[in-house]
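In the two complexes below, chain A is the common chain; its partner is chain B in one and chain C in the other.
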Partner chain A sequence: MTNDSPYSESLAWFQRAAKVVPGGIYGHTTPSNMVPGAMPYFADRGAGCRYWDVDGREYLDYMCGYGPIVLGHCHPEVEEAAERQRREGSCFNHPTKRFVELAERMVELIDFADWAVFGKNGSDMTTWAMQVAREKTKRRKVLHVRGAYHGTHAWCTPGKGGLVKEDRAQIETFTWNDPASFLRAVRRWEGDVAAVFLTPYHHPLYTESVLPSPEFLQTIEATCRQEGIVLVLDDIRAGFRVDLGGSHRHFRFNPDIACYCKALANGYAISAAVGRADLRVAASRVFLTGSYWNSAVPMAAALKTLEILERDQVLPHLKSMGERLADGLVKAGAKNGLRVVVSGPPAIPFLTFPDCRNLRWNQLFSVEMAKRGVFFHPHHNWFLCGAHQAGDIDETIQAAEAGFAALAERVAPARTASAV
Partner chain B sequence: MTNDSPYSESLAWFQRAAKVVPGGIYGHTTPSNMVPGAMPYFADRGAGCRYWDVDGREYLDYMCGYGPIVLGHCHPEVEEAAERQRREGSCFNHPTKRFVELAERMVELIDFADWAVFGKNGSDMTTWAMQVAREKTKRRKVLHVRGAYHGTHAWCTPGKGGLVKEDRAQIETFTWNDPASFLRAVRRWEGDVAAVFLTPYHHPLYTESVLPSPEFLQTIEATCRQEGIVLVLDDIRAGFRVDLGGSHRHFRFNPDIACYCKALANGYAISAAVGRADLRVAASRVFLTGSYWNSAVPMAAALKTLEILERDQVLPHLKSMGERLADGLVKAGAKNGLRVVVSGPPAIPFLTFPDCRNLRWNQLFSVEMAKRGVFFHPHHNWFLCGAHQAGDIDETIQAAEAGFAALAERVAPARTASAV
Partner chain C sequence: MPILDSQLKTAWFERTLAAIHLLGVVPVLEVLVERDPEAAAIAGPNPWKLGLRIPNGSAVTIHRGKHGLRVVEGVDNSANAILTFLTPSHLNRTFQKAGRVAPPFTLRGLFHLELTKKFETLMERAESYLKPNGSRADQQEIRAAMLLRLTAGAVRALTMNDEAVQDEIEHIPAGLATLRIGSGDGPQIWIDTASRPWRSAGGPPPETPDVVIEFRDPSIAIAAFDDQLDAGVAVGNGDIRVEGWIPLADALNHLLEQLQPYLLNNA
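Here is the complex of A and B:
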């Protein structure tokens, strides 16, 4: 059976992996989070906005490594900067000049930032930010939006395994775009709220992305100022794809700390947090380190990535390409009698079918698109990168017309039924 | 004043850093953890067992990036393997073949391992291992040795800032090499102990390293088996420097999970955990992921590093060079009337002066050695790497004779006083 599949090499490597790794592949790239057996499991190489799987199949890449690839795979200038640093070395007993230069760059780029620190994962930064808020306020409670993703640490992981009740004893939730729900939470824990965590827009698992209402943001910001609560922006998913100065500028609010990761270094392992001056002392009191946290290569890659994002006006390009993609998909769906909604910022689109209440149509559509050389995730928002050009988008739309047609054929009885 | 210092460039870059980073440099490489003003703060480049600071001063490197550099800076074969992978790309929507190959290699290398997983930091793995143990046992308590370092997450960080009491509500301690203390802790929390964490030898901050007594290890292992407690080996500091099959082989005990990081990929950012078959299901239930955790370049570097460690018999070489260094230091100290003790495994030596109760002599000695082109940390164990050759060690000893002489001159009154 394996040999008949277009993904036979992926399946063969998965069989090897399953012998030596719990679940074969874990985390966000697990096949059980895609469509098992009908999409690739292992990547081989990438270039620009395309990658090849271990079966040698080529894909237009609309996941970009789940976000880090913001300029395209193996971007020549980023690679050259990384390579130049690599020749000098990366992991030392001290930081390098790149550490200072990158901190200076972050402080220059982010309007409210007085300081910056670096880690390796998004979770490193969100958890540390929580501790900084507690250190600053000497309070315990942390509020976040129900269904928001802030990382894999015990206080916020979407996983259920291995938790104890203390992990979340001081974590409370409120509802996205519901100022009253937020205010109720603050009042309930009055005087004990250290931090509020916000993503710049709401991107819950499996459902449409939702942009923030101005009233929601204004209520949160004003309340945090009034109550001395630290407002933490988790900009890990959207950062440097929506606004080069941080996504809070696009949505017009002012956090106290912001956390970045994915798009910062075009795939090199680095995350960052920046914060206001009045949190500097608290920040210096929360121990923060890791074996490779001073590594110079990812910092050199980040400096070059930020330079290119600004110089080449990549973010307006991402918006324009994202809009072209969304328009094309909606029209291609309509041609095939399918209602299609694309939500979220154009550079980070999420596709849903309002006439399908579960994600089955997304799955069928993603499988059809993978067959046609386009990698669309069935359950997770997608990511555009600077290498996507109008021709790539148009090629994608053309494939999508066929993909929607195949989907329409598969789901025709269901559509008829629901139309009755 | 700055311009007179041999570290004037380090100080100048630190002044820049202090403007945009809380504390200027945080974490384990902070100057306040060395001798401020009298040792370098920023590194510029490295090659083999040497590195250069931003003032252009050259050092024989006995910290090796606090451990990751196990073959020497910019090892040509590791860099070539990394570079080959880099050209294909690193950060994708899926893992690559390197992921499977490295998991297979870890399972082959570590005798008790049935599976492997990867992260970016040591803390990623120790915290996840704790959760796997809780998932497996459905118990809450975690025991570790007082003064042991298991990372920076709230349950174990040596930092004091930003913690709440729930962070440690289920964490209990016992005393190194004291089986009775261990048994008391197990009895006190009988039926509720999920995991015991052990480093292979004890390396507390600021004091001598202590090897394990066989009775201590036997008591822990037997008790864990009997009580169904998961025995987690934190081999992050010592792994792949003491025994290529894991440090438990050298010290003759059998853990259930082991965590690795530092020496795995010669400075490339990766950590790993391996475990027994009976923990596989629990391991698959604890969510584990990060934006860059599938990155292929560090995995390619790890595969090549492990290959070279085995092929070139690097670990026996580290032991031999470490013994040569320790012998030479003890003799060079004695020549100058100074008692010197070198503790810990030879490849991970820790130097103390039994006639100095605080670390002042360590600081003075490290400052003298830095002047003479040798980087010895005053408060932390050192690390040997495969690039250290007999000639480098002898050059170090020669410098140490002068360094000890300078120290002896500074501390002569104190020594006379203590001899009275």
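Here is the complex of A and C:
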């Protein structure tokens, strides 16, 4: 990687980071998860559905900070609400009125919710929800779908470092969209299953997203009711992008607890969990706090974000833009002789090439798109935001036609096989 | 996520370590004889075959041919001599020179003393390269190639014998991976995770791989194999290039980490 790289500033900052930060950049934004050297490492600023990297290159943003940006970067009304609160103060010896207002709003929006609590990240909420389920049921086991992501804590992290067997001793898995697999797990641990964790649809890394079959969801819900198991919806990725009342409404099932984070406050640090009345006592017994968990600024931002999502009918817009994008990408791929599949809900799409299972084509395509000012992640589902307009989508499709052409030329000899 | 502790100093630990010695360490002689003229001279100009085996355990045959030396899994009954170690522990202690160890039994071969001596001398020379800081800077290229070759066999040995790893590999993506040093004609190995046990060997992969893991140069490879490399930084800097099926690369990386306790035990 040389100084004449279009990402030379990113690389220079990475060199600085590497001296003082393990991994240089860690976690989900590590360059290792993208195409190192051929995509940006550091961002500079953002506005609407675009952002600029430290090299000054502009991108149409289809990751939206991996989800939190649901209205667009630096949305003026959200920023104003946050700024207003900032002037009043954010971190006090007590919660502010925003805390109550936001809890009331969550309970109002989400049909099964009787209470709400707040944290900072998705993992805060999923881990706490697991404890609430155990407190309620006095059982140990937690079931979740194999390959599903529920956060970074020891019981669920996809990472492998620093773990001992005991961390996962009570965690069992079953297969997505396979009711028999789920029932086998419940039977095996009969009487000891505290919680079932479910994402509203399956969105594993490195592969297509898969929507739920009605039978799968019905089996899980009915079994949880029958067995007294707490059904926890991990709606952190999809919440407030698929349905303003929670993704369970879209997919027609009824959880006991739901966890939210990403799209809640348009980039401000807050997560939430809501639950049924019969879990309130158990919830009150599980200690929940953090130095910044009552911060008022993110709560003010969340209140404004939820208001705009409803007022401006943002979710139908996301769906419409997502469908326009998916349709355009499939056609642009076909024009270049490439089979393209776009999976997942329209607002949270992921593109794959059925003729290249190892995602090498995704990597090459993402590089071509980055060159053309569009940021597509090669391995992780994408996110649309309210700022994406038809013109942006059409600009993306136009870039994709050129990107697919470049890809087709590059992989022509290997078109019949999955190949590096 | 197994963390190796003293409990694992059990029969299967010894069995795994012995398999790593036979399938991982012995094959580095291929690289040594190819790249080190003095080692080639020790191996001598004439063809010979030496078998090494543990009853009901791993076995290899070293083939010295006119054009090099090859280590093949299994015992070739036409070998000039076959050295039999009573147990995995016997083999491990012999390789580690741990105290006074009875010599292995020789099943056949009039020339077994000469071959045994050749083998011991070659292994000593190989060890001088393999030990951290044991090789000179100008020998780093050979050391890197040897560590790469060792990895190919050791990974297979691990998946054949380590019970914790055997559970884990059921969740590792099936595919073909290539690890290589440099982008040109540098040393490379391949690992096929679709088969049971895994297949692996030195040289180019039998077909187009699902993932290529490329170390920029020998120093990067050595740092990686010595567990001294921040992989995130190396990938971000381009010192390690990973192209293709990332989950397979991640899984292999984790598996290589699990080799460390065995390699440290062997150090």
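Criterion: the second predicted complex is superposed on the first by the 414 of 420 C-alpha atoms of A that agree within 3 Å, B and C clash if a C-alpha of one lies under 4 Å from a C-alpha of the other, contacts with A are read in each partner's own complex, and residues count from 1 in each chain.
One rule holds for everything that comes next: a residue touches a chain if its C-beta (ideal position, glycine included) is under 8 Å from a C-beta of that chain, and two chains touch if they have at least 3 such contacts.
None of the values given here were measured: they were computed from a predicted structure.
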Worksheet item: So, does A:Asn33 touch the first partner chain B, the second partner chain C, both, or neither?
Response: second
Fill in: Most chain A residues touched (candidates chain B, chain C)
B
Discussion item. Quick check for you: in the superposed arrangement, does A:His379 touch first (chain B), second (chain C), both or neither?
Written reply: second
Practice prompt. Once the structures are superposed on A, label A:Tyr206 by its partner contacts, choosing first (chain B), second (chain C), both or neither.
Written response: second
Worksheet entry | Touched partner set for A:Pro68, first chain B, second chain C, both or neither | first
Worksheet item: What is the contact status of A:Pro22 with respect to chain B (first) and chain C (second): first, second, both, or neither?
Response: both
Practice prompt. Determine, under the contact definition given at the top, whether A:Thr396 touches first (chain B), second (chain C), both, or neither.
Written response: neither
Practice prompt. Pick one for A:Ser247: touches chain B only (first), chain C only (second), both, or neither.
Written response: neither
Practice prompt. For A:Arg360, select first, second, both or neither according to whether it touches chain B, chain C, the two together, or no partner.
Written response: second
Worksheet item: Common interface residues of chain A with chain B and chain C?
Response: 22-23, 25-26, 41, 160, 163-164, 167
Discussion item. Using the touch definition from the top, list the residues of chain A that touch chain C in their complex.
Written reply: 1, 11, 14-15, 18, 22-26, 30-33, 36-37, 41, 160, 163-165, 167-168, 205-206, 357-360, 363, 379, 414, 417-420
Discussion item. List the residues on chain C that touch chain A in their complex, please.
Written reply: 1-3, 175, 208-212, 230-233, 235-238, 241-248, 254, 257
Practice prompt. Would you tell me which residues of chain B are touching chain A in their complex?
Written response: 10, 13, 16-17, 19-23, 25-29, 40-47, 51, 53-54, 61, 63-69, 73-74, 79, 82-83, 86-97, 99-100, 103-104, 106-107, 114-117, 120-124, 127, 130-135, 140, 152-154, 157-164, 166-167, 169-170, 236, 261-262, 267-269, 271, 280-295, 298, 375, 377
